[in-house]
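Please find one structure pasted underneath; my questions will follow.
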Amino acid sequence: MTVMTAAEIEDYLDDVFPHRQGTIEAVDHLRATMSLAIEDEHLRPGASVSGPSMMGLADVCLYVAILAEIGPEAMAVTSSLNCHFLRRARGDRDLIANARILKLGRRLAVGEVQLFSTGDDDPVALVTATYVLPDRDD
Amino acid sequence: MTVMTAAEIEDYLDDVFPHRQGTIEAVDHLRATMSLAIEDEHLRPGASVSGPSMMGLADVCLYVAILAEIGPEAMAVTSSLNCHFLRRARGDRDLIANARILKLGRRLAVGEVQLFSTGDDDPVALVTATYVLPDRDD
Amino acid sequence: MTVMTAAEIEDYLDDVFPHRQGTIEAVDHLRATMSLAIEDEHLRPGASVSGPSMMGLADVCLYVAILAEIGPEAMAVTSSLNCHFLRRARGDRDLIANARILKLGRRLAVGEVQLFSTGDDDPVALVTATYVLPDRDD
Amino acid sequence: MTVMTAAEIEDYLDDVFPHRQGTIEAVDHLRATMSLAIEDEHLRPGASVSGPSMMGLADVCLYVAILAEIGPEAMAVTSSLNCHFLRRARGDRDLIANARILKLGRRLAVGEVQLFSTGDDDPVALVTATYVLPDRDD
């Protein structure tokens, strides 16, 4: 259903994007889930997960969902990203990102990511983002 | 004109937010400028500065501009952040953030940040963000 | 479960906001659904529903969901609104808005609205927005 | 410096987009200014200009700035729009939009619009938006 598996994407990212954050938990048609083990570098004052750590995980997670659909020869580039910070993300919990592609067009993809602290039901942040897709034959 | 100088804010951040990125270059009434020396950890594929590095610098830079106005006892919290990525940010140049507060209300502050690669006139990204301010007497 | 019914909100809006667009279809805990019968004034070139018509319906629909929770003496004010236009919204179909409140804090509410053309499964637009709430005792 | 004048764009819009709002005041390289005479239909409770009226004028104003650069055979489509509402926009004043294109790429344009109530120096809203451009030879 996807053109790359989670393991294939992880290998690809190790190669081209070694400094990325987070671990791929699952990919499925138009969806991806990632986790981030929180370290000191991810914290802001108040022992909370910092905004850039959340936005970074969300961005990679949508990128993974797009890769799973269109494959690695094609480089999607983030065009815009919007994040609503909803609740404090606890620094002593892993961060989970659930990404969903809302539109996969010829030139643009748009997706949404809900971020959670492990064990909580209410999202800590909601990200929406737009990606420019490379020229493809389709 | 501001209640804290750049040096006072730098000291304060060293204390409460040691993992932040970037150096304060200047603060002025409703404005702040910061720079980020780009390291490998800030790069994404293509030797470009990553989106989270840009959004992180913008977020801290607006936070600094707010601190300069309202002082350190008060903790502003990012409520939402929107980023348009306009051009590739070169990985071999420093990143510069110019932040400007558009509204400093009783409960919310809104600001805009233009990001540049050193030496270029055209911005690489435009960030707008909203901050919830603590309860203050004013 | 809500402090106002759909009919009570409709009456209230007729009184204070007579130029609003759209009809309330349902309100439930943290949710509201509205519809807009598309007229010529809502169209842009290409016989599509215009962006402002979509953003306007989404904004009112979230406002209705907040009213249903906090009641009419309290005036929520839109602080920011972000819209992703995903697909052409057909001018010969009604527009439907499904709003959901993601956070109802003491001072801010954040919500998301999916917009559809009647009869289609894929959303035509996704709106997220932040509202400043009045001072309340809670 | 632009491929269409303000008068040519006004004529073109009268033809293809008769229900648009606002009057073109000026176009220049990568810039456009429009005004909106506020009528009852533009108001929300509190005798203020409604959010959709502001977002609608901003959207048309950026569209005009793009038209002035790329000409009428090409239809730009709004991909996303973000609005920060900064201050109450008085219902007894005209609304002014100053639009500026930040990026005019091959496939995407990004712009920013500051909105003012006539006679005030502080903006009432800040809009940023992304447009998908048609296929062009360039």
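Order of writing sets the labels: A, B, C and D. Residues in every chain begin at 1.
Note that a contact is a pair of C-beta atoms (placed from the backbone, for glycine too) under 8 Å apart; a residue touches a chain by one contact, two chains touch by 3 or more.
Per UniProt, the chains are A, B, C, D = PaaI family thioesterase.
Since the structure is predicted, the reported quantities are computational estimates derived from the model, not experimental observations.
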(message) Quick check for you: after a Cα superposition of subunit A on subunit B, what is the rotation angle, between 0 and 180°, in steps of 5?
(response) 180
(message) Quick check on subunit B against subunit D: do more than half of the interface residue numbers occur in both copies, making it same, or fewer, making it different?
(response) same
(request) Could you work out which chain's C-alpha centre is the most distant one from the centre of subunit A? (result) D
(request) Could you put a whole-Å number on the gap between the CA centroids of subunit C and subunit D? (result) 23
(request) Go ahead and note the Å separation of the Cα centroids belonging to subunit B and subunit D. (result) 28
(request) Indicate the whole-number Å distance between the mean C-alpha point of subunit A and the mean C-alpha point of subunit D. (result) 33
(request) Please list all residues of subunit D that touch 2 or more other chains. (result) 79-80, 82, 84, 110, 130
(request) Show which residues of subunit C lie in contact with subunit A when the two form their complex. (result) 82, 84, 86-87, 102-103, 110, 112, 123, 126, 128, 130
(message) For a test of understanding, state which residues of subunit B touch subunit A in their complex under the given definition.
(response) 16-17, 19-20, 40-46, 50-53, 55-56, 59, 75, 77-85
(message) Residue numbers of subunit D touching subunit A in their complex, please.
(response) 79-80, 82, 107-108, 110, 130, 132
